[in-house]
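Structures incoming, each one as structure tokens.
Shared between the two complexes below is chain A, which pairs with chain B and chain C, respectively.
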Partner chain A sequence: MKNKRIKEDIQHKEWEQSFIKSKDFKKIFYYNQKTDVRFGLTFMATLIDENIIQDGILPNLLEDEFREIEDIKQLVPVADVQVCDDPSLIEQKLMNGYVMLTIETELKHFGFIAAQKEIVRGLSQPEVEFSVIGPKEAFVESMGQNLNLIRKRLPVKELIIEEFTLGSLSKTSVAMLYMENITNEDNINTVRQRLKNVKFDAITDSSYIVQLISDNSNSPFPQLLDTERPDRVAGILAEGKIAIVVDGSPHVLITPTTLVEFFSSFEDYFLNWILSSFFRLIRLFAVAFSILVTPIYVATLSYHYELIPKDLMSTLITSRREIPLPPILEALFLELTIELLREAGARLPTKVGQTIGIVGGIVIGTASVEAGLTSNVLLIIVALAALASFTTPVYRMGNTIRLLRFPFLFFAELWGLLGIVFCFCVLLTHLTRLTSLGRPFLEPLYPPRVVDMKDALIRLPFEKQSRRPIYLRTKKPIRFSKKKAKKQKDIDE
Partner chain B sequence: MKEQPIPERLQISPFLVFFMVMSIQIGIGVLGYQRIIAMDAGYDAWISILFAGGCIHVIIWMIYKICDTAGGDIVTAHKYIAGNFIGKALSAIFIGYFILFSLTVLRTFIEVIQVWMFPEINTFWFAFAFMALCVYIIFGGFRTVVGISFFGLVLPAYLILTFGWAIKFSNFYNLLPIWDHSIKELLTASYHMSLTFIGFESIIFFYPFIKEPKKSQKWAHLAVLTTTLIYTTLAIITFAYFSEEQLSKQIWASLTMWKIVEMPFVERFEYIGIANWNLIILPNVCISVWIVSRLIKRVFNIRQKVGVFFIVAVVLFMIIFLDTRDKINMLNDSVGKMGFIFTFIYIPLLFAAVMIAKKLKRGKKK
Partner chain C sequence: MKKLLLICLVLLLSGCVDKEILDDINIEVGVGYDLAEDPKDKYRGTILFQEFQPDKSVINRTFSGNGKLRQDLIIDVTRQSSEPVVTGGLKVAVFGPKISKLGIYDLIDSFQRDPSIGARVFVITSEDKAEDLLKGEYGTRGNSTYIYNLIQHNIEHRDIPKTNLHLAFRNYHERGRDMFLPRLKKIANDKVELIGISLFEKDKEVDILPLEDLFFFKLLVDKYSEGNFDVQLKKGDLAAIKSIKSTHKIKITDNHAAININIEGIVREYTGTKLTTAVVKDVEKKLEKKVERECLKLLKKFQELGVDPVGLGQIKKTQHRNFDYKKWEDDYKTLGFEVKCNVNIEETGIIE
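After this line comes the complex of A and B, so read on.
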């Protein structure tokens, strides 16, 4: 009789086979002091908080009257306590940081008590999207903390948080956030469907999701915006967009987006509208400058030197007189040097990185001019272009802009100015074809929507922002009702 | 057999017709139309431009009437008047016309590049790259084609301002005396304007792709009005800038005028202008290639994607043989003539036929 029971026990515990191999798998048995019931606690030591077991679970289970599993609901002072009889749940629960409780008399029932160990990094300042004015909180790696930061800013019941578990190995929790009464239903369904369709085993960061659910994964342009600022997420949720929070990632994704959004910093909303519009225009100009200036140098000096006025020409000739290389090689040499510096600076610890920057920037730059490898005019141009490319507020877009310069250089060498315009046409076509969540990526430039221009190239004052962007097709297109038009005031009235 | 309507997500807003019409109208002709119209009507030719522009408004009205009555594009209209088989045969003619149209535009543009910028640029390879870009655009669907038309008009719009430099050196007394040419001469000049003006007839092909097409009519008229005004202003500036004898030697008068533009950092502006013209030519070629591929689909039931490759192959094949100035000129003249016949003779005839057919059909119903 006893043998049979043991046999059954072994069969029943087949699921334990691979668990036992792990060092952090713990199974401990205790006796209740009042009823003498023998019970066991099973848990993964690495996932749970031992303080909860010692202070919250064990004292009650040992000292209070405890007869059957159902009793734990009264005895254990933990909110998340469940009792079930489905053995298939065991693995999932243990791996999510639950403590499993078993009693010898009730083999078919299991109690699960939540005791997750939360390792939360303290809130820090945003590093990529730092702003002088405005909140200094940034997202951290814990989803619970991140959701808290967002929910605090939008304390309404309409903010819905839907959770998914993605990745057959990583079991990453991914949350989709939207405003139930504002966000377009089609957009919500599309995101939900795409998240459900994600087929990848280990999702370790939100960047994976960006690449897995974007409309065109063969485009160098990011189609989902990622941010580390909770205020930005709250802002876009109120506009009617969707946010995706991934556990373990300090970056929250925003969708659908448009191209101009990648050039708008959230600080634009903290400044007066005139200033912020000015800065936005400067940024757009900087991007165009950064992409085009070296190709234009190559094009003019290779083919169209007639373009340059006499006075300017003499300066250029003086600086290039000693250079043995054709303009394209000269430009490629400097551009690649800057790219190398950037890569090296990004991979090294901050302090070493700074040194490398100085060494590279000053020493290599000056030396290459003095050695007669590059002209100092080009050195200025390339350095300015690199500087301009750093003005993009979204890091991902900055990377894209780094890359875009090279096809332009190629076409500039091939067909001069004509090649630059041709390459620009290709880029324009690509952007026109691109969509984010099925919505045109270039909106409001194309399709032209004058109403949406209020927060695109420039940002108009908040009183003018009474409507949500048209392309989001929100359920409530009007954000707030404007006051009735006041009687026009005259001077001195 | 009822035709399938175009789903709404593929259609364009009515006001985009403005950009479509203008961007296909403004193309290669505007670079050198001044000399051609001044040959007959002298410096009264600006009147001819206004007259030609006026006529186009009537044609646009007819196009909208035809499309509205037949309930679709020109293929539907042909079917409406002549039945399925003959209708398709009639439509097939336009495949040839638009292939020639795109070929002319592209080859003339390359000619301009070769004369003004790169004497040594390889015609075939540039055409190849250009057509590859067209394929990429057209594969994005009609909305992408319209998008490129939009940018192809808006982004180079600043070029208009550069003609302002010429005003400083202009003498507007050149234009006087007004009206010293006969009506016949003026009409001939209007006829010669046709290559510069044609393109607007493409509405009859993309009509089903317009959301609420009736609302778009005013935009089409506005587009033609704007183009007419731009052409007239540019012609007047040109006439004031060049003397009549000088102008007769300028094949690309607009380009010559750019030579006077001077900025602190730019000496020869025509290089920038011609490079920018790439963006203006692109919608011309794209829209016409799109129209041909659409016609091939409608007439022969061949997939549009296959059709596009066929057209590109034909254009690239034909462009090899267009190697001399004479051949290009001949092609320009004949496409201009074909365009004239199509827009100013065929469309009114079609209009009359559709109206008669409508009366007859209504009679039958009674």
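After this line comes the complex of A and C, so read on.
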């Protein structure tokens, strides 16, 4: 008997080597009161919920008649109970929050009882994509929770959830969601292939996936849309796109996507189409304004004084008169100040963050004008440009716009308006070449697709949205029959 | 390697672009040319700059110089100016009386060749020396802005036909049409007044149309969108016609020009007792008669002077195949005119 036990201990130690170094590795032996069987529970204390062991597992195993491992399926009131004989599974199971059960008499068999500790943040309001109208739930870090939020909105069997485990160290669960009867098969295969090909050891957030599977990872433009709104994910799944949920990340990825989608807020669908179209156009204008206005200021003041209207001339000249810096340095100074303020504001805790507003607004803004470092006209322009850049509904795109301004500024200084046009050409070339999952990123602007314009720069009413976006090449291009939709039964003719 | 070279070129060549930072340049906003007293030089030029004060008020600063070419003037003025002189802000170009009689083509031509000078510059003539006109103190926004706006709103609402550098240049170059420019007079140090229109033959001023003729002149060469005119009635009553819209149609047969003028307007003021339909009819008739008479007089005058600001030659060319300019020059002298005017008073205000 004693020899046997020693043998068992030695045998275990091979896989336990690393485990026993950790403080949270627990291996405890108990005796069943009726049959006197000695059984051991092995688990990682940090991953499991001790209440499940105390209330659900131990009382039954100690008090009921327990002879062999197969008995646990009857004795333990836990849904996920497995018995297997493959020792290679031990590490994975233990690390996923299972309790391993061993009996001296059956060394080859192991029982696994699920006892994961779920530390879940409660549902909260969306913070990045907040909307006044519409649902107020946002994704959390737990994948199970997130999938639940999506499934509830699309309760059909065609919604397929495929799971992958990525990252040799992080073992992150990544789920790919699509509608089996709608989504294009090629798109599904491409995403599946790209996810399988991911070679990175620790994937801690969905942002990693964005960078690892995007078509052109050297582009400043994000080619996967990320969202924290379950309603948006449900909406795009119904359109025939693919969603990628990453465990541990409150942001779900959407692919394929287009440039205009980054400037559409999901709130657009909650408002009347006239209003939402207007807001979309305003947002697009804001982006153009935000990128171009400071470079145009620099270009005009440095090279093209002829373009300044005669009534504006006095305002510009008097505000620039005392400034020792040339327009480009003046603009860079202010642009960098705004960038610094933004970075500082993003890093500081909320309560300290308020001081940033004071420092930025009063001290730097007013003081630099009074000190004669910058002109007040430029201060207004830069502030407006910053304001306009905040209107971008997707934060990731907002960052891109922040960056884009600087090459424009640089070329405006080099060549004036010609430089801005040059920069614009380069940008346009890049955008036309860019793809998201192999689908053109500028669609429906280029290649021009009039049908898809219904939900691009403007959003037409839902009655006009009877077709899914054609660039997705869905299996069912028609969402609903237009003829049937037109019949309104409550109206007497 | 090629890419690297390209980037290097981009960065190095950028040094070749001339930088003109707004507050480090002296922007020429107005220019005036007079005949030089010294016969060695061709003209005496005056350049007007604006100097903006911190309280946004404007000081007018003028520099003068002599020369043969327009370039000479800028070189002369650069010697006196603290910052480089640039021409892109030019709004008004004034020509003195003597130089306009001698010909102004070389100077206007140089404007057209300077890429930084816009097409909307107003070219005007002055009654007295251009230098004196520019040296006044008009308004608070600077002389050039004052003169520019003065002409601008007179074109839009009053009797000056549309004119600017581009149009003057077109009128000059188009065969069968002659140039005309608005004429200004300085009446006090802070006042300047529009006094008529200078008629040119080629680039030489030949006559001046007084203010009274401008209404009819504009009817002939341009169209009204918002004009005003007073009509005198039999009993000495006056009727003011507002919001005049006019169009004209000119048809030229072999030796006869038929000019049709259409006028629409509103009677806003009437000094008589009651504005009845009969009176309105009378106003229409009177205006028609007057327009027909005065326009005919103007056309006859142009014929005598040998100028063609209406562009009758050009109009005939558009209407006739095998048009010959040489022949036209003789034809014009004997051309017969017929002016038909049709006035339509649309309303007379809300009280009947």
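In the analysis below, the second predicted complex is superposed on the first by the 472 of 493 C-alpha atoms of A that agree within 3 Å, B and C clash if a C-alpha of one lies under 4 Å from a C-alpha of the other, contacts with A are read in each partner's own complex, and residues count from 1 in each chain.
Keep in mind that, in the parts below, a contact is a pair of C-beta atoms (placed from the backbone, for glycine too) under 8 Å apart; a residue touches a chain by one contact, two chains touch by 3 or more.
All of these numbers come straight from a predicted model, not from anything done at the bench.
In the superposed model, A:Gly416 makes contact with both chain B and chain C.
By the document's definition of touching, of the two partners only chain C reaches A:Arg320; chain B does not. In the superposition on chain A, A:Ala383 makes contact with neither chain B nor chain C.
In the superposed model, A:Leu442 makes contact with chain B only, not with chain C. Of the two partner chains placed by superposition, A:Leu89 touches none, neither chain B nor chain C.
Contacts of A:Tyr303 after superposition on the shared chain: both chain B and chain C are touched.
Looking at chain A, you'll find residues 303, 306, 308, 310, 415-416 touch chain B in one structure and chain C in the other.
Across the complex, chain C meets chain A through its residues 10-11, 14, 17-23, 25, 27, 29, 50, 52-54, 56, 58, 86, 88-89, 91, 116, 118, 141, 144-145, 148.
Residues of chain B touching chain A in their complex: 12-13, 16, 113, 117-118, 121, 126, 129-130, 133, 136-137, 140, 143-144, 147-148, 150-151, 262, 264-268, 271-272, 274-276, 278-279, 282. Put simply, chain A touches chain B in their complex at residues 303-304, 306-310, 312, 415-418, 420-422, 424-426, 428-430, 432-433, 442, 446-448.
Residues 300-303, 305-306, 308, 310-311, 313-318, 320-321, 323, 326-327, 414-416 of chain A touch chain C in their complex.
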